[in-house]
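Structures incoming, each one as structure tokens.
Okay, so chain A shows up in both of these, paired with chain B first and chain C after.
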Partner chain A sequence: MPRPEERVGILGWGAYIPRFRVKAEEIARLWGFEPSVTKALWIEEKAVAAPDEDAVTMGWYAAKSAIKRAGIDPSLIGCAFVGTESKPYAVKPSATIIADALNISKVKLSTDMEFACRAGSEGLRLATSLVASGTIKYGLAIGSDTAQANPGDILELTAASGAAAYVVGPSEEAVASFEGMVTYITDTPDFWRRDCSKYPMHGEGFTGEPAYFHHIMTAVKLLMEELGLKPSDFDYAVFHQPNGKFPLKVGKRLGFTKDKILPGIVTPWIGNTYNASALLGLAKVLDSAKPGSRILVAPFGSGAGSDAYSIVVKDRIEEKRGLAPKVEDMLRRKKYIDYATYAKSRHMILRNV
Partner chain B sequence: MQKVYVTAAAMTKVGRHFNLGFKELAYEVVERVIEESGGEAPDYLIVSSTLAALQCHQLDVSTIVAQALGLSGRRRIPSIRVETGESSGAAAVEIAVAMVRSGMAKKVLVVGFEKMTEYPSAKVNADYSKILDYELEVMRNVTPPNYAAMIMKDYMRRYGVSREDLTSWPVRMHENASRNPLAQLPFKISKDAVLKAQVISEPITLLDSFPLGDGAAALMIAGGDFIPPGSEGVEVLTTCSSTSTPLYLRDELASLPATASLRKVADAVLPSGWRKDAAVQVHDSYSIYGVLALEALGFAEPGQGYRVVEELEYLNPGGGLKARGHPIGATPIYGMCELYALMMEGFAGLSFSGSYGLVHSMSGPDYNSRLIILKR
Partner chain C sequence: MKLSISIHWRRKETHYRLALTKCRACGRVSFGERKVCPYCGSKDVTTLIPSGTGTLLSYSVSYFRREGDEEFLPRITCLVKLDEGAIVPGELVDVDPDEVYIGMKVEAVLRRYSSDDPYGLIYYGLKFIPFLKG
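For the complex of A and B:
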């Protein structure tokens, strides 16, 4: 029996990376980290959203590009999901703002989702399921974050801003089709933010083996087992990227060669964009992958869970690439700022207004 | 007076045991020690943990451990918890030996544990600092590595020793640990890696200090009249301990006064030339302490300790606190277990032809110091 997700594919993809960058060594210098720590994590610089940008504006931009590439009438989109852990409103959906701004149908399902860094991916799975079931024809899933990190915490070297969006629909119209998708979730408290707490906390080493590595490896192995595939069957492998080192390490352990992982790496130059992290890596691969390529994508979210997707690129992709800015373009488009400007931009300086 | 023996020993791998609480860790080693003792239960339980109240939110851990391990029910085995900072495990052995020697108990089960990975390291390190005087030192932001750094600087200045010279300690410890499957850091490191590692408290780097890891270790301490002939194991000749003045009242920084005072006991109990015939465990929470302990115990002249680190064949055979790890309340019991294994059947790739074993432990900058002397 065919898997339901085989009826569904990606019609369009979009990305957004803010223009501003702060160098990791600047953050390390300010807080007295050893300079070598940036190399150990493989983080060079991170993208910083401007003072007037947030998860909604960035998500809107990425979604606009995705719809443009999909080439469909937005009023036919039947769901809009936003995965974020930095929503501008504690209560009031970001998804409705973005959907209305894009003229997406008012007869739709729409919500913000929270699952640390993988809520955007859960949105993608749900949108795919709605299409597969025939409930809707097209769906929109967005991952967008202006990630916060406690000033002086090791995570401040990487926590960054960015967004990615995907329009899914019938496989016949797709530029890349789903072969299979699985999810593996447990209660693993590796990273969290309590109500009214300004910044997330994390369990240091506990975020590694029992969280990131265990969940991604379990999900990816399960996917390969279900589909009867092995690492050498994939042309690309994209993982969640809390830093530059982890995706290389988890990929190596799973048996993927480095040349299959590197094309989907974005974090060393823009930081960890949380809900956009793996989805931006996938967008970068879609910007250049040849038709027929098979892509593994494995987002991860603390708390903790991992999805694993197998995606096959189709011929139609070539004509779509030029319709919106590519990830590479946005990686190159940058302006360096110092720590003070970054702190001001991310509203980390307290003042009375 | 009873002769006293270690008749069984067990330890877990030191590391991040995220799935094991302190009861599970204790159970693992206690089960093995009781099994090794022919299934016979002890008549007293002594539990050592330094941070249980702060990391596990648990008071009266000896009763809780006895209950969890099924020692409290029909058998109603009495228990006591011992805490003397980093030397807690050696204090537990000291009391066990005294109880057995005096006839107060026939067989005492000593178990040490520590959970070091329950909280972010900032809290663990803050709690660890409380081995110092909270009102006079901790409240003024003095931490154990700060003191070790002051002592190391004074040592380097006084004896003209370079920072690089003192890398001999961690390099040797990691080499030893690379042969110990239970070590937390079982890999070799280079001198260069020590020098280039993150500075913890100048001149101490990350690779001069111990890693945070969970662990548990247990021993059965029994009286000579209560064990079958031929199963004596390793004899405990004596135990001794001492306290010393706070660092800020000392005239000299680059020495360990409490440890030095215990040297007399070893020299009195053991035949002359014993150092060539002994395996030794010294407390090396920071590289400089390992070197100073060797000097205090007479293995080297003052200012020369770093030179003998490579020569001593049976020195911290499991890798010391530096590389085997330092699950604090269990650490001296690990030291005992490793020497017991070495003397009984060989350990970490070493076979031992000598007769004696010394386990040294101390808390902070030698605020208290303890020595356990073994003979096979």
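For the complex of A and C:
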């Protein structure tokens, strides 16, 4: 019996990376980190949102590109989910602002999702399920973050800004189809942000093995078991990227060769964009993958959980690529700033307002 | 600068989507949602949502300081001729003043106009950036 998600595919994808970059070594120098830490994490620079940008504005751009590539009337989109841990409002949905500004149907499901860095992926799973069930025809899922990190925390070397968006719909209209998807979650104290706290905290010993590695590896193994696939059956493997090293390490442990992981890597040049991290990696792969390619995608969110998707690229993708900026275009669009400008841009300087 | 919540909400179509008025009588396009064509006076008008791309006609770099504006300075205010023909006022961002030139291709993007900090409303609307290759 066919799996429900096989009836669903990606119709359009979109990415957004802000223009500003701050060098990781500038942050390391300012806060007295041992200089080799940037190499150990494989982080060279990170993207910084401008003062007038936030998760809403970046998500809007990514969604606009995704809808353009999908080539559908936005008023036919039946759900808009925004995964973010940097909501501009604690109470007032980002999804309604983006949806209204893009003229998406007012008769829809619309909400902001929260599951650390995998809320955007949770939105993608829900949108896919709604399409698979026949409740809606098209759905929109966005991952967007102006990632926060306590100044001087190791997280500050990587916490960055960016967004990715996907329009899903019937498989026969898709540029890439879902073959299968699984999710694995547990209660794990690896990373959290309390109510009214500006910056997240992390449980040092938990961030690697019990959280990132355990959840991604379990989800990916479950997916391959369910679909009867092995690492060599995939052409690309995209993982959540808290830094440049972790995705290479988890991929190696799972049996994926480095050449299948590198095309989806973005973090060394833009940082960890939290909810956009793995989804931007997927967008980068879709920008160049040949029809027939099979892609593994495994987003991860602290707290903790991981999804694993198997996606097969279709012929239609070739005609869609040029309709919106590619991830590589956005990686090239950059202006270096110093720590002071970064601090101003991310509202880290205290002022009377 | 403090904006009015109700005025901003009423003009949402213009702020979010650059709504234009197209006159069925004279065929010209004007900025904003109007009931009467500003060129020929006809009431036979319709709303047009543009693509958001256009060309920079003119600009001015402003260092004028208003309360709450400091982090955005200098501001580049501009006039853009949209591909649909209407000329619209706006703000140009994501570019340094010395990189701006008349005739630059630009596109509209959603950004923060301002916010009633620290707990008030955030006002979103379209600004312009140099056109991103697609």
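Going forward, the second predicted complex is superposed on the first by the 353 of 353 C-alpha atoms of A that agree within 3 Å, B and C clash if a C-alpha of one lies under 4 Å from a C-alpha of the other, contacts with A are read in each partner's own complex, and residues count from 1 in each chain.
The rule is short, and it goes like this: contacts are C-beta pairs under 8 Å (C-beta built on N, C-alpha and C of every residue); 3 or more make two chains touch, one makes a residue touch a chain.
It should be emphasised that the depicted structure is a prediction, and the values quoted were computed from it without experimental measurement.
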Identify whether chain B and chain C fit side by side or clash on chain A in the overlaid structures.
fit
For A:G322, decide between first (touching chain B), second (touching chain C), both and neither.
second
Return first, second, both or neither, reflecting whether A:A66 touches chain B, chain C, both chains, or no partner chain.
neither
Just to be sure I read the superposition right, which of the two partners does A:A99 touch: chain B = first, chain C = second, or both, or neither?
neither
Most chain A residues touched (candidates chain B, chain C):
C
Of the two partner chains, chain B (first) and chain C (second), which one does A:G203 touch, if any: first, second, both, or neither?
first
Please indicate which partner A:A50 is in contact with in the superposed arrangement: first for chain B, second for chain C, both, or neither.
second
With the two complexes superposed on chain A, say which partner A:E34 touches: chain B (first), chain C (second), both, or neither.
first
Between chain B (first) and chain C (second), which does A:R333 come into contact with in this model arrangement: first, second, both, or neither?
second
Closest Cα approach between chain B and chain C after superposing, in Å?
31
Of chain A, residues touching chain C in the complex:
19, 50-54, 56-57, 60-61, 65, 68, 88-89, 97-98, 100-101, 103, 322-325, 329-330, 333, 335, 344-345, 347, 351, 353
The residues of chain B that touch chain A in their complex are 16, 18, 117, 120-121, 196, 198-199
Touching residues on chain A, where the partner in the complex is chain B:
34, 36-37, 201-206, 209-210
So, in the complex, the side of chain C touching chain A is made of residues 12, 16-17, 49, 68, 70-72, 93-94, 96, 109-113, 117-118, 122, 124, 127, 132-134
